[in-house]
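Have a look at the structure below, then the notes.
Chain naming follows the written order as A, B, C and D, and within any one chain the residues start at number 1.
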Amino acid sequence: MTGDGIRLLAPDGTRVPHPEHSIDLSPQELRSLYRDMALARRFDAEGVTLQRQGELGLWPSLLGQEAAQVGSVRALRDDDHVFPSYREHAVALGRGMDPLGLLRLFRGVDHGDWDPEEHRFHLYTLVIGSQTLHATGYACGLAKDGSESAVVAYFGDGATAQGDVSEAFNFAAVYGAPVVFFCQNNQWAISESNEKQTRVPLYQRAQGFGFPGVRVDGNDVLACLAVTRWALERARRGEGPTLIEAFTYRMGAHTTSDDPSRYRDAAEVESWRAKDPLLRLERLLRAEGVADDAFFAETEAAGEALAARVREGVRSMTAPAVRNLFDHVYAEPHALVDEERDAFDVYQAAFVQER
Amino acid sequence: MADTSATADTADTAHIADMTTTTMTATAAVERMTLVAALNASLRTALVEDPKTLLMGEDIGRLGGVFRVTDGLQKDFGEHRVMDTPLAESGIVGTAIGLALSGYRPIVEIQFDGFVFPAYDQIVTQLAKMHARSRGKVRLPVVIRIPYGGGIGAVEHHSESPEALFAHVAGLRVMSPATPSDAYWMLQEAVRSDDPVVFLEPKRRYYEKGEVDTRPGARPGPPGARVVREGADLTLVAYGPMVATCLDAAAVAAEEGHELEVVDLRSISPIDFDTVSRSVRRTGRLVVAHEAPVFFGAGAEIAARITERCFYHLEAPVLRVGGFHTPYPPSRLEDEYLPGLDRVLDAVDRALAA
Amino acid sequence: MTGDGIRLLAPDGTRVPHPEHSIDLSPQELRSLYRDMALARRFDAEGVTLQRQGELGLWPSLLGQEAAQVGSVRALRDDDHVFPSYREHAVALGRGMDPLGLLRLFRGVDHGDWDPEEHRFHLYTLVIGSQTLHATGYACGLAKDGSESAVVAYFGDGATAQGDVSEAFNFAAVYGAPVVFFCQNNQWAISESNEKQTRVPLYQRAQGFGFPGVRVDGNDVLACLAVTRWALERARRGEGPTLIEAFTYRMGAHTTSDDPSRYRDAAEVESWRAKDPLLRLERLLRAEGVADDAFFAETEAAGEALAARVREGVRSMTAPAVRNLFDHVYAEPHALVDEERDAFDVYQAAFVQER
Amino acid sequence: MADTSATADTADTAHIADMTTTTMTATAAVERMTLVAALNASLRTALVEDPKTLLMGEDIGRLGGVFRVTDGLQKDFGEHRVMDTPLAESGIVGTAIGLALSGYRPIVEIQFDGFVFPAYDQIVTQLAKMHARSRGKVRLPVVIRIPYGGGIGAVEHHSESPEALFAHVAGLRVMSPATPSDAYWMLQEAVRSDDPVVFLEPKRRYYEKGEVDTRPGARPGPPGARVVREGADLTLVAYGPMVATCLDAAAVAAEEGHELEVVDLRSISPIDFDTVSRSVRRTGRLVVAHEAPVFFGAGAEIAARITERCFYHLEAPVLRVGGFHTPYPPSRLEDEYLPGLDRVLDAVDRALAA
């Protein structure tokens, strides 16, 4: 169970049998998983580029975590709910989110203002760990409604140190909430490696709160899909929460502001390159004759098209007027906000006049 | 082990069973009752009127809360609507946010003022901001009820007045009733609001009685400030537990020939500055009283804004009377520490003399 | 390991052998443990009485938890440090604290202002769970100093739900801090029973953070002593933290303000009466001929003397002047505090004059 | 797994090894440096001068902190003195309290202003109160460094100005330097103080340069307010990132014939009201500027107290310019949102016109 975790697909692209978590996917499903990972990777690369070009303020790259995200999100039903952290771009795409919605946040024109109910994909959450409690509460709500939907909360290895995450584990356990805690252990919390955050493998944390924790090879999209599906089924059956630790690696910097050369060895990164999640699925697809060069070329072209759309979309994004800030501080009328808006209008009018 | 949230179907059945019991009916009438009883009646009304309303907190179930504000509600509405939570305030508020996102309207009880701080992060960075962050797409109708203030002879952390720490934060509404009637109706208002509300209950007034008209027709509007005693010489502004103290002070001052106008703020964020300004324009003098420390307290905001608005009407600087820049003292000192009748009158005298 | 936990002394007063945690105590040590428990119980009863008489504002009774407290504190060396919650009266006595220090807090004349370094017994902490982090930090400090002292943090079953306690577990584990987390599971957190706080036995929590957790029969003073000693030795050897769950029962109300009849059955309380920690040690002492009637009579007399001293001490306690409040807000001069003190002096002088 | 605290003896040896390296020496000189470099130098001095000083925080080790304030310090002083902590702010501050109780003097870094709130409970209920609670027997010399304020184009929660939320709390000191020199010396002061200090670093001024005299003889006294530009027409009070903005405003106003006196508050709790009063008695007008929202902000306290002290000297009401009662906006709006030159000048004009 330690080491790389549950694995169905080895780095060399061969299948690994597993007694509990086998999965049977059609060729089309396999291709589609690859395609989602490839599009996510291309999208992510474009995010990095756009930041370098000054079009975005910041970009947290998901490079290396495609399998963890695409595999897990594929396990969800349409009516399930996701509570992401801030790096779940592939999960967002998997939910059908408009990628430009994410980019508006990182361009700084809004804080990420999509409607979380539209694709049942909650707002990105930057305060580490907070969303795990929201996910737990949401799951309690679903259970109260008699719904069979479930919730997946995404968070990182560093987040597990936060009190909120432990409280979420405990509330979910006590209430038997239908929530899957999906921890992407990408080995780093900015510059801090796992051993600064925990003394034991993270999946073991769950046991102490009374629910199962499993480690899955986070670079194995098949295993991520299979294990998340299993955990979601547990949730739907009323068996409560599950913790999944997807053992993966953050191949890039923490964000575009970060310089990982200050704290980690190139050799470590290199060693993970051999476990690349796309490469191993490509090997499987080719070995089993499920996809050919044409498919990969077509996928690449789709990626380029996505990147072009994103590039164009980002460049034409403009910020709303400051005045709009006052509109949604409260849902209902608020004297102080109104007063400040009025004063701001007067100020701006005078200012425009002066010029 | 009992699962208080339970699986979907048992939850549903329990819920339907609850709905059919007669105890579900809130009785509407004019009655004399304590502030605690008014809050209890108001919660009952909320639970009856909207099946999406939930109560959450520590010991609010069988015990009925340490102040009995939720007395009998779990028995009548079931564990699915009146939820005892684990002992973790951040967890309570964070989970309440999630429940609100899923369509519920949680009313959270924090056991004492001094224990809200573990939840401060969830309140300030999440609850207050999510509506704005989503540009209006998300609404979080969460009420956080907090018994607050001193005067009950309690140990450390049980007598705090943290209102300024919430009022400074955009996205929250902060209110505090002073009477049983306001307790009933302002809580109704808080529950109906689609904004998060920090609802501060003056715990040392919990067992004071007043007339409460719970009939739907008696519903007043949203809580603006209210002139609770008229007077021409000086305006005395207070809220929550200090309103009664200020009314007492006004009565004493009247004997000495000074007519004080007492304004009960009721809402601390936003503040109804129009009502206060109107009063100060007439009286020319203002004293603000609260239990919370004066430094960076509500009195500062009121003094600053009213001075700005009424600069040419003020005959004396606005004076503030409140807590000192010290931790809340051991209980045997609180009578002297709290801004009581004498300290309020002292400030009034100084304002009148200026 | 579940059930009542590690046990060396059965409710009927017979010894229970244990492969790892046996303990060999002299007759005098055995008598002394009984005496400490008896004095603590008498002291506690006096606290309740004094509150009933209006002499104290509040009293949290430790009735039923004497063995957990006396056994654990007896395991400490003089140079070890305790971080208590608010119910650790027997621990306080065990550290040599003046009982009147505790009572000043509950009388409301101060917030409990003893010098924590005098008996290496930190201030009572009322914000649930906070002190577990202080204990962890203190233990880190001891380790940095190269000291061989260790720290014991006391807290309740309810406290385990707080994020701070999980964070303390994690920090202690990551830093390998010499701290023993001693959880008195008295089955109730005010009106909430264990299953409202946790889905699994509490001692299991530790495992998920990477250190051992054990349950001990909290009404068995010998087992509490033996297991705490073992955990402290681990700490001293640099093996890091241990969680001890002392399985006991709060026989009284949460505090004198509480009315447990609202939420628990008399039968439950009754069933625990049979496991009384004093009674079982008395049985052992008598069965093994270690103590006779004279000893018990002498112990009772000592208890009465303590109670009398406490009663008298409490009645003569007066509150300091309000003016003293300003003295210790800051360690160094502070303009605002000085200004407020001056204003208060002026106010008081005027007030005195008026009369 | 590496144990960063380590057992006693290895810790000790590592420590002694550290002490012998030459990098331990802080160089004392007059130098032009950025505010970040000044903070770094100040921390280095603290680590050299007192072996009980410790740094704690997220990513402060090899990375040197996200702003590089602790750059090189772990390399030079070892992991026992410069500790990367788990990602848990309550844990960091709570553990720092314990370390302080055991005789250490922890200097904690909170990565960004918006992430201090998980630690708010430990700061407010424990750190602030323990000295008073023990009636002076316990001292908690803990410094909490927080990069704060906006203007760097950051995402949500990275541009907050939470000073009022600390200043209201008795037992804490709150200070904020505006220049590299003050950054160096005020941090020295904070580290030497036996009181807990919330040390707010104006992150948008991090890379501005100034002359810093780090020679021991250059040590100024504890940080009172400082008149940084003299003027007779109006007093402009600011602190931290807004001091430079106010100096710019004064320069522009001078061109228009108005002489503004600019006061850098430096300490936000306590506030040096004497210096501000002296200035206002001369100028008769006061504008207070800060990034934090105006409502319940520092400007309220200053306006209230200065009006009380200088009522008969004020020719116009005190005006406040600052953040709106909205969450901090997305970064593309921050230039317009922040109280910049124009908004400060607008307030100055209004105050002068009144």
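Descriptive notes on the structure:
In this section, contacts are C-beta pairs under 8 Å (C-beta built on N, C-alpha and C of every residue); 3 or more make two chains touch, one makes a residue touch a chain.
Everything numeric here is computed off the predicted structure, so don't read it as measured data.
Across the assembly, the mean Cα position most removed from that of subunit D is the one of C. Looking at B-C alongside A-B, one finds more C-beta pairs in contact between the chains of A-B. Taking the mean of the C-alpha atoms as each chain's centre, subunit B and subunit C sit 35 Å apart. Averaged C-alpha coordinates give centres for subunit A and subunit C that are 45 Å from one another. For the pair subunit B and subunit D, the distance between C-alpha centroids works out to 33 Å. The distance from the centre of subunit A to the centre of subunit B, each centre being the mean of the chain's C-alpha atoms, comes to 39 Å.
Annotation for subunit A: residues touching 2 or more other chains are 110-112, 127, 161-164, 167, 170, 174, 195-199, 325, 329, 334, 336-337. Shared contact sites, meaning residues of subunit B that touch two or more other chains, fall at 4, 85-86, 88, 90-91, 114, 117-118, 121, 125, 132-133, 156-157, 170-171, 269, 295, 324-327.
Remark: subunit B residues 3-9, 11-12, 15, 80, 85-86, 88, 90-91, 93-104, 118, 121-122, 125-126, 130-139, 170-171, 173, 193-195, 269-274 touch subunit A in the complex. Those residues of subunit D lying in contact with subunit A across their complex are 1-2, 4, 58-59, 61-64, 66, 84-88, 90-91, 114-115, 117-118, 153-158, 295, 324-327, 329-333, 336-337, 342-343, 346. Those residues of subunit C that touch subunit A in the shared complex are 161-164, 166-167, 170, 173-174, 176, 195-200, 204-211, 213, 240. Residues 90, 114, 117-118, 120-121, 124-125, 128-129, 132-133, 156-157, 164-165, 167-168, 170-171, 269, 292-293, 295-301, 303-305, 307-308, 311, 316-320, 324-327, 354 of subunit D touch subunit B in their complex. Against subunit D, the residues of subunit A that register as touching in their complex are 57-58, 105-112, 126-128, 158-159, 161-164, 189-192, 195-199, 257-258, 262-263, 319-320, 322, 325-326, 329, 334, 336-337, 340, 344, 347, 350-351.
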